[in-house]
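Each of the next two complexes has chain A plus one more chain, namely chain B in the first and chain C in the second.
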Partner chain A sequence: MMSEEELRQKVVEVLAEEFELDPDIMTPDATLYDDLGLDSLDAVDMVVVLEKTFKMKLTDETALRSIRTMEDLFQFLLKLQPRA
Partner chain B sequence: MELNRVVITGRGAVSPFGRGVDTLVENIWQGRSAVRKMDEWTTIQGLKSLIAAPVPDFDCKGLLPRNLRRTMGPMALYATIAAREAAEDANLDQELLASGRTGVAIGSTTGSPHAYQDFYESFLPEMAMEQIKSGEFFKMMGHSCSANVCLTLGIQGEQWAPASACTSSAHAIGLGYLLIRMGRQQIMLCGGSEEVHPTVTGVFDLIKAASCRNDEATRTPRPFDRDRDGVVCGGGSGMLVLEDYLSAKNRGARIYAEIIGFGNVNDHEHIANPHEKAMARAMLNGMQEAGVTPEEIDYVNAHATGTVQGDPAEAAAIDHVLGKTTPVSSLKGHIGHTLGAAGSLEMVILLEMLERQEIVPTLNLENIDPACRAINLVQNRVGYSLHTVIKNNFALGGVNASLVLRRAVS
Partner chain C sequence: MKADVVIIGSGISGLTAAAILAAKGRKVVIIEKQPRIGGALKRFRRGNIPFDVGFHYTGCLGQGDILHLLWHYCSVLHRLEVLPFPAEGHDRLYINGYPPPVRAYFSYTRFTDELKQHFPAEQGAIDQYFQKIEHICRSIPFYNTKLPLTDFLQGYKPKGHPLSEFLEKITDNRFLQAALANPAILYGVPTDQVSIDVHAMVAHSYYTGAYGIAGGGQAIVDAFQARLQEADTEFLTDRAVASILVDDHGVTGIRTDREETIESDYVIHTGHPSALIDMVPDGCFRPAFRNRLIDLKNSISMFALFGTVSATPGTKAFLDWTNHISIPEGPNSFPPSLKTRSTQRSLMLTCTERTANNTLQPQIKSVILLQPAFWEEVAHFHHCRKGNRPPAYSRLKHTITEQMLQTAEKKWGDYLGPIRPLAMGTPLTFRDELSAPEGCAYGAMHCLNQYNPRPRTRVPGLLLSGQSTLMTGIVGASISGMVSAGEILGLESLWQEIRRWS
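Entry: the complex of A and B
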């Protein structure tokens, strides 16, 4: 079972590697599109990377589309984590 | 309708020797071979040809940002780097590149074979799409090289991607020449790109056309040689800036040569076998368009890949069209057969020959095959008065292309 802090660190780690980003700018309030420079193709790849990392399917398209910031992403993934 | 004259004002290259025209030229003039043993292929079942001339690995992170690289397989990466060098060489500024008057024609045999491998490695085991990244299709598509070059350089003119295997870049140059000639574009970035992959070599191996001199890599391929045993595949990209002569003159651009003729004919007899009459017709059509006689042709840069059938057919075609005295050589001994990139990458070197007034001999040609002996095959580097030359490229599928170039522009 992954703690919330571990999940946040893992998300930053894998997305920093995938999108060649500086982890320091991947703060909770950073927006994926404007601040981190990602686009619609990257959003597709982000799901692929996260599904592989956390070994789960991210199928809620509506919820995925509403993600704007890193914090939105953390909260989206935390809700999918099994409770201890 | 008055047709425009078309000149070459820029060169770019990524070759089996590495990045840049200077690197390519230096190694060619040193008489080096870029062919090496592919130890990483020894575990592939049924592959007998274990040699190739791949582009050496280089770190591309500092060269292009991630959002551009994500849709590039190796061949698109090579094309983009070569195109940028050619554009810089021709002093094309951003305004001109984005003017809509500059277009692109870049060919390759297929999309990136490495991207195909990645895609199907992920797809086939479970017939599943879930793990496939968004960039994969853009690496696989047939116009991956031209699309990525346009994106990187901000090109807004015509985009073309001729795909005809080993004549892809000869076709791209021919197409660019036609577009400028008729006034549709002022400038065309033209060339081809290819990447080494075992399945590509494997296809030639399958039809018994690949060299299997695995233990003497630098001594093969051997165009026109008695002991040749087939093609060695290479990778890389050659890029040329074609430009309307008046545009080049007005810009004060350096002019490498003028393209004065383009022969492009099909033969219908066999999908794989070369056909000397069609080769001859391609040369004759190019010369007719150029308005030059056989006596005016100073040199032929042959396609000659080192196959048993192809080299004698080309020698016979040259003999038929030009006779026995015109000097001929092939560059495949140095860089292997770079397939879709061959026409443009070899033309980069041909332009250097025009500049230096020297003919590069065929590497590994030691004993001329009696079947090729009718023509004047150059075996040593020689100074020569080069004014009007022919560049041949032929492809599986019956394609025969000849470009006629003239050095001095009056």
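Entry: the complex of A and C
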């Protein structure tokens, strides 16, 4: 079971690597679209990367669509983590 | 050389995209690795007998159906003789452990009635299944052409539940489950890994009608070729694309393995998406997308046996408008496991020429046997290319031929007489002839735990098309060709023009 801090670090690490982003700008309030330059074409790639990294299925389309910032993404993934 | 659009691959997706673009005055160049165009639709001959590899029958050719609309728009429909299966035509299902054959008619009503006669206690399950399929397809623009296309194609789509789970929920009758799962052989995804939505897309097209083409797949290729030659489309065969040229603004052209350069703002790649990686400059795709293409899991492959039987009135009646499919029982009837013996696997018997006599040898009729196969069964020969296959590979082919013949003759020998084998294709053949990794028959698998790439890529002007992108089979590949052309011409306006004729 991953701690919240570990999860946050892991998300930043894999997205930085897979989308060639600078980890320093991936702050919680950074928006995926405007600040990180990801767009609708990247959305599916992101789902694939996160599913593979965290070995879970991301099926809640409404929740996925509402993700705007890194913090939204952290919270979305934290909710899916099994409780200790 | 200059072109408006370069299309890599000359299968039905490439031909469809080319014909649509050519109709709009675009200068198109098609590059094909093989000496002949047509991909899986083209025929080959053995002893002057023509055989179809990839085209045996199709749905969606009724008035106003998607393939009918597309072929009309592409100016090829009038060059083809479409042969609708008569009302009596069907896929005859031989389910292990259930002796009477089940006739899977190409009609919702007739197939429903047939199933209810066989399984009278399962009327509710049967209705539930067909209602579900129809319900799904009502919201798919290819089947309900009044709908816009863009909304359907865009964005992330959550995946539904596995087909096998749905079948187990509605019925515990293993013979009925097998009969309903049967179209799986037409898209090559295991029933526990395919969503009911993907299943519905393919199954629906056969529940609404089936059609042959006089002259088979080759006639379709010839019709497109004739149309495209009128439009001055150029075909460069027998050469591969070595690299796709890209600058800061997007695609600028391609270079072939013969050092030819073609300048172009658009490139449509119709082959397996993973092949794209070696063609584009490093750094073109982000690692996430690149890895996604590399990791794509492929659909199942086939052993394909091509042979002949005596053309008696009996064999013709048995074969012309009926495909014969032997399947195991249960919701997970497809595919077999690697360990399943050939005699226990699904086996399909179909024919190349429907009604027409082979004019050169009218006393014989060609037949095709198809059986699901795994790459692992031939993987140890992966280094051998066409022309230098070792004796051990020939022995393997011989063994499989014998097994398939034995099974077929045991099941259908009374009607067919002996089958004379003339050629055998394995996953290795499909890999080499069709540039299909692992010999996959339907491209990258449209399965639950996989997101197939969409037509648009991050590189402006570089588009994907083909079975791996939207949907499988001749219908799916044709639609993908339309969508890639639409990405260049304006998708929604093109869609409006195409469906106007319905």
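The rule is simple: the second predicted complex is superposed on the first by the 84 of 84 C-alpha atoms of A that agree within 3 Å, B and C clash if a C-alpha of one lies under 4 Å from a C-alpha of the other, contacts with A are read in each partner's own complex, and residues count from 1 in each chain.
By our rule, a residue touches a chain if its C-beta (ideal position, glycine included) is under 8 Å from a C-beta of that chain, and two chains touch if they have at least 3 such contacts.
Keep in mind that what you see is a predicted model, and the values were worked out from it rather than measured.
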Could you tell me whether chain B and chain C fit or clash when both sit on chain A in the superposition? clash
Going by the touch definition up top, name the partner, chain B or chain C, that contacts more of chain A. C
Contacts of A:37 with chain B and chain C, given as first, second, both or neither: first
With both complexes superposed on chain A, which partner does A:64 reach: first (chain B), second (chain C), both or neither? second
For A:72, decide between first (touching chain B), second (touching chain C), both and neither. neither
Just chain B (first), just chain C (second), both, or neither: which does A:17 touch? second
Just one of 171-179, 459-467 or 477-485 in chain C runs into chain B once the structures are overlaid; which is it? 459-467
Those residues of chain A which chain B touches in one complex and chain C touches in the other: 19-20, 41-42, 44-45, 48, 57
Across the complex, what residues on chain A touch chain B? 19-20, 37, 39, 41-42, 44-45, 48, 51-52, 57
Counting only contacts in the complex, chain A reaches chain C at residues 17-20, 40-49, 57, 59-61, 64-65
Across the complex, what residues on chain B touch chain A? 61, 66-67, 70, 130-135
If we count contacts the way the header does, which residues on chain C are in touch with chain A in the complex? 154-159, 286-289, 291-292, 449, 451, 454, 456-458
